[in-house]
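Both of the next two complexes hold chain A, though its partner changes from chain B to chain C.
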Partner chain A sequence: MDLFLQYLANGIVIGSAYVLVAIGLTLIFGILGVVNFAHGEFYMLGAYAGVLTVTLLGLPLIAALVVVIAFSAVLGVLAESLLHRALRERDMTSSIIASFGLAVALQNAALLTIGPRPMLLQTDLSMLAVEFGPVFLPLPRFLIPVAMVVLVGLLFGVLRYTWTGRSLRAMAQHRTVARLCGVRVERVAMVTFMVGAGLAGVSGFLMSSVLMVTPIIGNMIVLKAFTVVILGGMGDIMGAAVAGLLLGVVETMTSAYLTNGLRDIIGFVIVIAVLLFRPQGLFGKSVERS
Partner chain B sequence: MKAGLSLIIAAVFIAAPFLTGGYELQVLMVALLYVTLTTGLNLVSGYAGQFSFAQGAFYGIGGYTTAIMGRDLGTGFWINLPAGIVVTGLFGLLLGIPALRLKGHFLAIVTIAFQTIVYLGLIQWSGFTGGQNGILVPPIGEVSLFGATLVDITGLTAHYWLTLVFAVVAVWIAWRLVHSRLGREWVAVKDDETLAGAVGLDTTRAKLTAFVASAAFAGAAGVLNAHVMRGVTPDDFTIWISCTIVAMMVVGGRGTFLGPIIGAILLTILPELTGSFAQYKLFLFGVLLVVIIIALPEGLVGRWRKIREARA
Partner chain C sequence: MLAVEGIEAGYGRTRILHGLTIDVPKGGLIALLGGNGTGKSTCLKVIAGLLKPTSGRVTLDGEDITGLAAEDRPGRGLCLVPQGKEVFGTMSVEENLMMGGFHRRRDKAGLAEDLEGVYTRFPRLRERRRVSAGMLSGGERQMLSIGRALMSRPSMLLLDEPSAALAPKVVEEIAEAILGLRELGLSLLLVEQNVGMALEIADHLHVIRGGRIAFSRAVDGGVAPDELRSFYLSGGHDDEA
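Presenting the complex of A and B:
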């Protein structure tokens, strides 16, 4: 039982990182209809921005966090304004190919400038730990779910109570009507990418003290985030949050009680099953699709 | 113009082995493999209108079929080839089943999930697949009929010729399929599935055959690739290979016959022209893709067709 609780905690830590990446992905998909293959690269570059700020510049973690958010937000805005703005009225394949191209370019740019050597963020925080009864978590890991809850709460508040949030939700519901009501599509698109990339960057930074950072870490995380987006229902933020945590826990349990080899596969098997039997996602309402 | 372009392409590929025996020939051979892969994908995505990001997985399944059969059963290329095509075709049928219920991005995600499962399976099931290290595959070797050796396929040039024959046969089969009744059914399903069903077409059959055909093309290319490259590893069959194949099809022009062929050749050869900047090859490939997709939404051949129609 003690061990089970520890696995559960580890699953929630990993799951929280998935949630942060997946929420950006589901926002970008739900509001703009863009399938953003380059989202894993936002995660990867966020991780590098954080690690390099701390190790090369010697700045404190809070300053590094600010750098990561600013850097990722700028990256998101650039991706939107240089790429997806030109593709807005096209079908989905164009945005998929463009974001795939962007992912290849960013990944190789990182490889050329930073190199393939894995990095791990090591700080004084790693010495500290949090204990709840039998569960033991190093502080950097404990902070991941905390940050996730704070950021998701913040996002919910913004979406619910600010005009920016209302315009984002309006766009998600019906693009044309939103435009007719005076929603500025350009601004909404930019904010969406900024928020999405920012969340992915923060997730990468938080995970940089748990898993090694290399130029290719974005590949697997973006695919997993896609499964989370599907499981939660496309465009559904709360669904993505629940599904992300669920995936993290299921993966950890699979690796603990079945076999480590199935760890990365299980999510994709679930997603195919869900799409075949409940295409609206685990928590979604059935809607007419065409 | 179209005939002229086809002739130039054919001339280059036929003349190449007489002019070079090294790196350039290798690049052209890879381009020919991609021609087969992309032409296959075009059947299901370009003509039948069903998204698929799993062509790389089928490519891998074909390659691993020949590698594993060769290792465990000791069979050679000419037995493994039909086996590889059948096995990949069956997997194509398997992936076609979700396509009966799902459309658009939902189907795209299922194919992405399928592709990822195959890739991870190749890594994890290491007792059977050799894991991360993959499996070595011998060259095709001597081809004999009734005890007499016809031709010895071991060197690069011989493999190149075989790949060329393969690509030509694949393109010819695709041409026949597209211009058959089945091919017209695919287009009908793409244009309006409800209407196609209403006029009595069997849309289930149309979709499944498109998936099987497209997978079979990739399977054949996979078997050949395994022998040509002397081995298979999981990293040759990632989602990024699938995306590259989709990109080639889209850049050339989806749903046109010649487009994906040109796309495959261009996107294989252009990054190789970087010469002394070879380390920037993949970076430039990414940038090139973005630029082309923004500048030419309907692909090269699609754009050319549009210009010609505007003039007429």
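Presenting the complex of A and C:
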């Protein structure tokens, strides 16, 4: 039982990282209809931005977080304005191929400039830990679900109570009517990519003290995020939040009680089953698109 | 108020409008009639900026707005209520209305006042303000999409088949509402398939055929001239005008 709780906590930690990546992915899809294969690279570059800020510049973690957010947001804006803006009126395949190309380009850029050597963020925080009864979590891990809850809560607040948030939801539901209300597609697209890339970058940074950072870590995380997006229902933020945690927990339990070899496979098995039997996702309705 | 001059427009290689010209005077209620697929919605899309015409111009208060983005037109007082009673389905009725005021979102007091105005005009919407718009009946959705347009404080309103697929009693209500808008001083361009309703409320009619206005007539005292009825319904006598 004690071990089970520890596994559960570990699962929630990794699941929270999935949630942060998947929410951006599902937002970008739900609002703009873009399937962003480069989302894993936003995660990877966010991780590098954080690690390098701390190790090379010697800045404190909180400053590194600011750097990560700013850097990722700029990256998102560039991806939108240089790539997806030109493809907006084309069919979905164009943006899929373009984002795939961007993923490859960013990965190789990271390989060329930073190199293949794995990095891990080590800070004073790693010495500290949080204990709840039998559950023991090093502080950097504990902060991941905390950050996830804060960021998702913030996102919900923005979507619900601000004009920017309303315009994003309106655009997701009905692009033409949103335009007729005076909502600019360019602005919504920019904000969406900024938020999506920002969340992915923060997730990468948070995970950089848990898992090794290399130029190719985006590959696996983006597949996991797609799994989460499909499980949660395409375009459904709450669905992605629940499905992300679920995937993290299921993976951890699989590796603990079955075998570690199944860890990365189990999610895909579930997603195939869901696509066959419940294509709208585990939790029902997805955001309507016009 | 609004002048559409010699518009040519279409989709891809297909030309739908061939030199269409319409004038909406200030405070006027002009009806645009025509059969299925004759290009009525296409014409409104051009006026609203959703579709760029290949030639011709659209002017509003004497100013050429042909090249103006659709997103910037509500700010100029031009607003389209599109066909199909479109609403933001998962947003509440009140959020839908507020979205209509997006372009003047900094004007909090004005928006609150106009929201109250819409609720007074359509009491049903007030009752259902917290309900998801997707749950509304057809008539309520139409009221909501008109209300949403009103939140932008338009001076020129384009309505695309507001009476379509509604029960006769509800059509009556919508017609009343449109007449009420007229009293506000709005200029209106109304696209309709419901000839009876158009005849009742409009002061001028245009019939579109072959991509241009084939027939125009003032409606005297709200009574339909029989010639129009027969012209429209017979579907023949092309290019009489």
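As a working rule, the second predicted complex is superposed on the first by the 285 of 290 C-alpha atoms of A that agree within 3 Å, B and C clash if a C-alpha of one lies under 4 Å from a C-alpha of the other, contacts with A are read in each partner's own complex, and residues count from 1 in each chain.
Just so it is clear, contacts are C-beta pairs under 8 Å (C-beta built on N, C-alpha and C of every residue); 3 or more make two chains touch, one makes a residue touch a chain.
All values derive from a computational prediction rather than experimental measurement.
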{"item": "Superposed partners chain B and chain C on chain A - clash or fit", "value": "fit"}
{"item": "Three-chain overlay, vertex chain A: chain B-chain C angle, C-alpha, nearest 10 degrees", "value": "90"}
{"item": "Chain B versus chain C as contact partner of A:Ala109, first or second or both or neither", "value": "first"}
{"item": "Which superposed partner A:Arg175 touches (first chain B, second chain C, both, neither)", "value": "neither"}
{"item": "Touching partner for A:Ile272 - first (chain B), second (chain C), both, neither", "value": "first"}
{"item": "Partner touching more residues of chain A, whether chain B or chain C", "value": "B"}
{"item": "First, second, both or neither for A:Arg88, with chain B first and chain C second", "value": "neither"}
{"item": "Smallest separation in angstrom, by C-alpha atoms, between chain B and chain C in the superposition", "value": "11"}
{"item": "Shared contact residues on chain A - chain B and chain C", "value": "290"}
{"item": "Residues of chain A that touch chain C when the two form their complex", "value": "163, 166-167, 169-170, 173-174, 176-185, 287-288, 290"}
{"item": "Residue ranges of chain C touching chain A (in the complex, touch as defined)", "value": "48, 50, 70-72, 74-75, 79-80, 82, 86-91, 95, 98-100, 102-103, 105, 148, 152"}
{"item": "Parts of chain B lying in touch with chain A, wherever the complex brings them together", "value": "51, 98, 101-106, 108-110, 112-114, 116-117, 120-121, 124-125, 238-240, 243, 246-247, 250-251, 254, 279-280, 282-283, 285-290, 293-294, 297"}
{"item": "Sites on chain A touched by chain B in the complex", "value": "35, 37, 83, 86-87, 90, 92-94, 96-98, 100-109, 112, 219, 223, 226-227, 230, 234, 261-262, 264-265, 268-269, 271-272, 275-276, 279, 289-290"}
